[in-house]
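The letters A, B, C and D name the chains in turn, as written, and every chain counts its residues from 1.
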Amino acid sequence: MLESSSGPFIWHRRVEFCETDAAGIAHFSSFFLYMEQAEHALFRDIGTSIFPADFHEIRDHDPPFTFPRVRCECEYFAPVKFEQVIEMRVHVERLGTKSVTYHHEMLVADNVVARGRIIAVCSSHVQGKLTGCPIPERLRTSLSRYLMPSSESSA
Amino acid sequence: MLESSSGPFIWHRRVEFCETDAAGIAHFSSFFLYMEQAEHALFRDIGTSIFPADFHEIRDHDPPFTFPRVRCECEYFAPVKFEQVIEMRVHVERLGTKSVTYHHEMLVADNVVARGRIIAVCSSHVQGKLTGCPIPERLRTSLSRYLMPSSESSA
Amino acid sequence: MLESSSGPFIWHRRVEFCETDAAGIAHFSSFFLYMEQAEHALFRDIGTSIFPADFHEIRDHDPPFTFPRVRCECEYFAPVKFEQVIEMRVHVERLGTKSVTYHHEMLVADNVVARGRIIAVCSSHVQGKLTGCPIPERLRTSLSRYLMPSSESSA
Amino acid sequence: MLESSSGPFIWHRRVEFCETDAAGIAHFSSFFLYMEQAEHALFRDIGTSIFPADFHEIRDHDPPFTFPRVRCECEYFAPVKFEQVIEMRVHVERLGTKSVTYHHEMLVADNVVARGRIIAVCSSHVQGKLTGCPIPERLRTSLSRYLMPSSESSA
C-alpha cells in the first residue's frame, strides 16, 4: 500500500544570464537543467544524492547507483526572462520497479510557463558497465511520497 | 503539390568535452543543443537564418521572423562519449501553416543513439511582441524538401 | 571620500551536475558562470539589476545600462565536485570612472579552490549601439562598499 | 633543439545560438569553450586525444594522461554574434616540463575579437588521484611545432 502523497516537491530556481539567448529569453534547453536540478534537490531533500561522490569506485556489495535518463520532454507556454524565479513543482508520476517518471510544472508568478517530464532508470556500475537495477527499497519509499494523487507505483 | 522529398538533412556534430558530465557521457540536455544546431545548419543550407542579425530592428514591412519552440522531446538509446561524432538525420515530420515539427535521428557508427522531436512556431516581432505568423512561402517550399515520405504539409 | 568597506559580498553556489565533465569535476568554464552569477546577486543585493528587463527599449533620457566584460581570468587550486557548495567572496578591487574590477575568492569547506577577476565596463544602448558611460553615482556608492581595504576608487 | 615552428594551429568555430545571451552576443564564458575546443582539435590533429576513452581505467604501466587547467584568461575586443565564424589561431606560448601555455587569437572577418590564454598541466591517474607528470616525449615534439617564434621550451 502506498503512503499518502505529501504533494509536489517545491523548489525555486532563478533564471541566470548565461541561460538566456539572443531572443532575450531563457533558452529552451535550460528548462531541462531546471528539471534535473529540481530532481537533484529532491534527492538531497530525502537524504541521498543522485550521483554519489564514490560512484566510480568498484565495490562488490552495495554499489552506488545513479539515474540515467531514457526519455524527456518539455512543453513551453510562455517565455521566461533573466532573473525571473521559476517555481518548480515536482511530482513522481510513475514509480516502476526500475524506473521513475518525474512530472514538472514550472510557474512564474502563478502562471504555468512550462511542463515537462523526465523518465530515469535506476542503474549501478557493475564491472565497469552501467546496468539497470531495482530502485532500492528505502529510496522507493521516499519517492512514493511525491506520487501524484492519481498515480500508482508498481511494486 | 509537394516537391518530392530529398530525404533527411544530414549534419555531423562532434561531442565536445564541456558537454560531458561526471558520469562520463554527453549530458542528456546536450542532445537538444545538437538538434537545434542541426536545424540551424539546415536553415543555412537553404540560404536563410533562423535568427537574422537584424531581428530586433523595428520594421513595418517584412519583419524578420524566428522560430520559438513550443514542444520538444528526446529518447535515449545509448550513451555517447567525448569526441564521438553524431550523425544527425533531420526530417520535417509535419509542416503546418505556422508550425514545423522536426524529427531527428542521431547515430554513432550506424547505431541509433537517440531520437528527438522539436516543434517550432514561425513568429515575428510585431510592435515589440513575438507573434505567430504563417511560414513565408519560399521557406515552406524549402522545408518541404525534407518532409518524411509519409508526411503531409497542410498548406 | 570613500565609505569604509563592508567587506566582501558573500554568496553561495552549489555545483550542479550539468556543470561537471567526464573528468568528474566542475568544468573550468563553470567558474566564470559562478563569478558572473555572484556579481548579479551583488547587483540584486544593492537593489538593481545588471541587465534590466527594458534594456532593448529605446529611450532618450536615462537609458538602461549594462556591464559587458572586457577581461576575465581564473586561477584553479583544487577540483570541485558535484553538489559541493562554493562560498563566493566578492570584492570590488578597482572602481574606475567607467569600469569596475571584481575579485572573486572561491572556497569549499574553508579551502580556497579558485580565484578570479572580471573587469566590466558600464555601457548603455545609445541609438542601437552599446557605448561606454560613467557608472551612475548611486551605483558607484553602492559598489564602493565592497572595495578591498587597500583599493582606491578613481572618482 | 626545437623543430622550427609551423605557425599557429588554425581552427574555425561557428557561434551557436545557445551560446548567445540576452544582450544579443556570444556570452563571455563561451570564448573559453572555443579555446578549449580548438585545443582539443589540435590534439586530434596531432593524432591523440586530450581525454582518452579509457581514462578511468586503472593501469600500472603507461596510464593515460589528461590536462587539467590551472589558469586561464581572456580579453574581449569586439562582440561576436550568432552564426559568425571565429577563426581560432592557437600557438603554444610556453612548453614546460609538465605544463603547456596556449595562446589563442580569435578573429572574425580578419578583426581580432578576443585573445586568451590557457595553462594546463599534464596529469595522470595514479591510484585514483590526478597527479602532475612530465609531458610524454612524443606529445612534446608535436606540441613544439606550434611554439610561437619567440617562445622557448624548457626541456
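Here, a contact is a pair of C-beta atoms (placed from the backbone, for glycine too) under 8 Å apart; a residue touches a chain by one contact, two chains touch by 3 or more.
Source: prediction; values computed, not measured.
Colleague: Out of B-D and B-C, which chain pair has the most contact pairs?
Modeller: B-D
Colleague: Same or different interface residues for chain C and chain D, judged by whether over half of the residue numbers are used by both?
Modeller: Interface between chain C and chain D is built from largely the same residues.
Colleague: Would you identify the chain whose Cα-based centre sits farthest away from the centre of chain D?
Modeller: Chain A.
Colleague: Per the centroid of Cα atoms for each chain, what is the distance between chain C and chain D, given in Å?
Modeller: So the centre of chain C lies 26 Å away from the centre of chain D.
Colleague: Could you grab the centroid distance between chain B and chain D? Build each centroid from C-alpha atoms only and quote it in angstrom.
Modeller: Each chain's C-alpha centroid was found; their separation is 30 Å.
Colleague: In angstrom, rounded to a whole number, how far apart do the mean CA points of chain B and chain C lie?
Modeller: Distance between chain centres: 35 Å.
Colleague: Provide the list of chain D residues touching at least two other chains, using ranges where the numbers run on.
Modeller: Counting only residues that touch two or more other chains, chain D contributes 17-18, 22, 24-25, 29, 33, 36, 51, 56, 81-82.
Colleague: Please give the residue numbers of chain D that touch chain A in the complex, ascending.
Modeller: Of all residues in chain D, those touching chain A are 17-18, 20-22, 24-25, 27, 29, 56-57, 81-82.
Colleague: Spell out the residues on chain C that touch chain D in their complex, using ranges where they run on.
Modeller: Chain C reaches chain D through residues 22-23, 25, 28-29, 32-33, 36, 51, 55, 66, 68-76, 79, 130.
Colleague: Considering the complex alone, what residue numbers of chain B touch chain D?
Modeller: So the residues of chain B in touch with chain D come to 16-18, 24, 33, 36-37, 40, 44, 49-51, 53, 56, 81-83.
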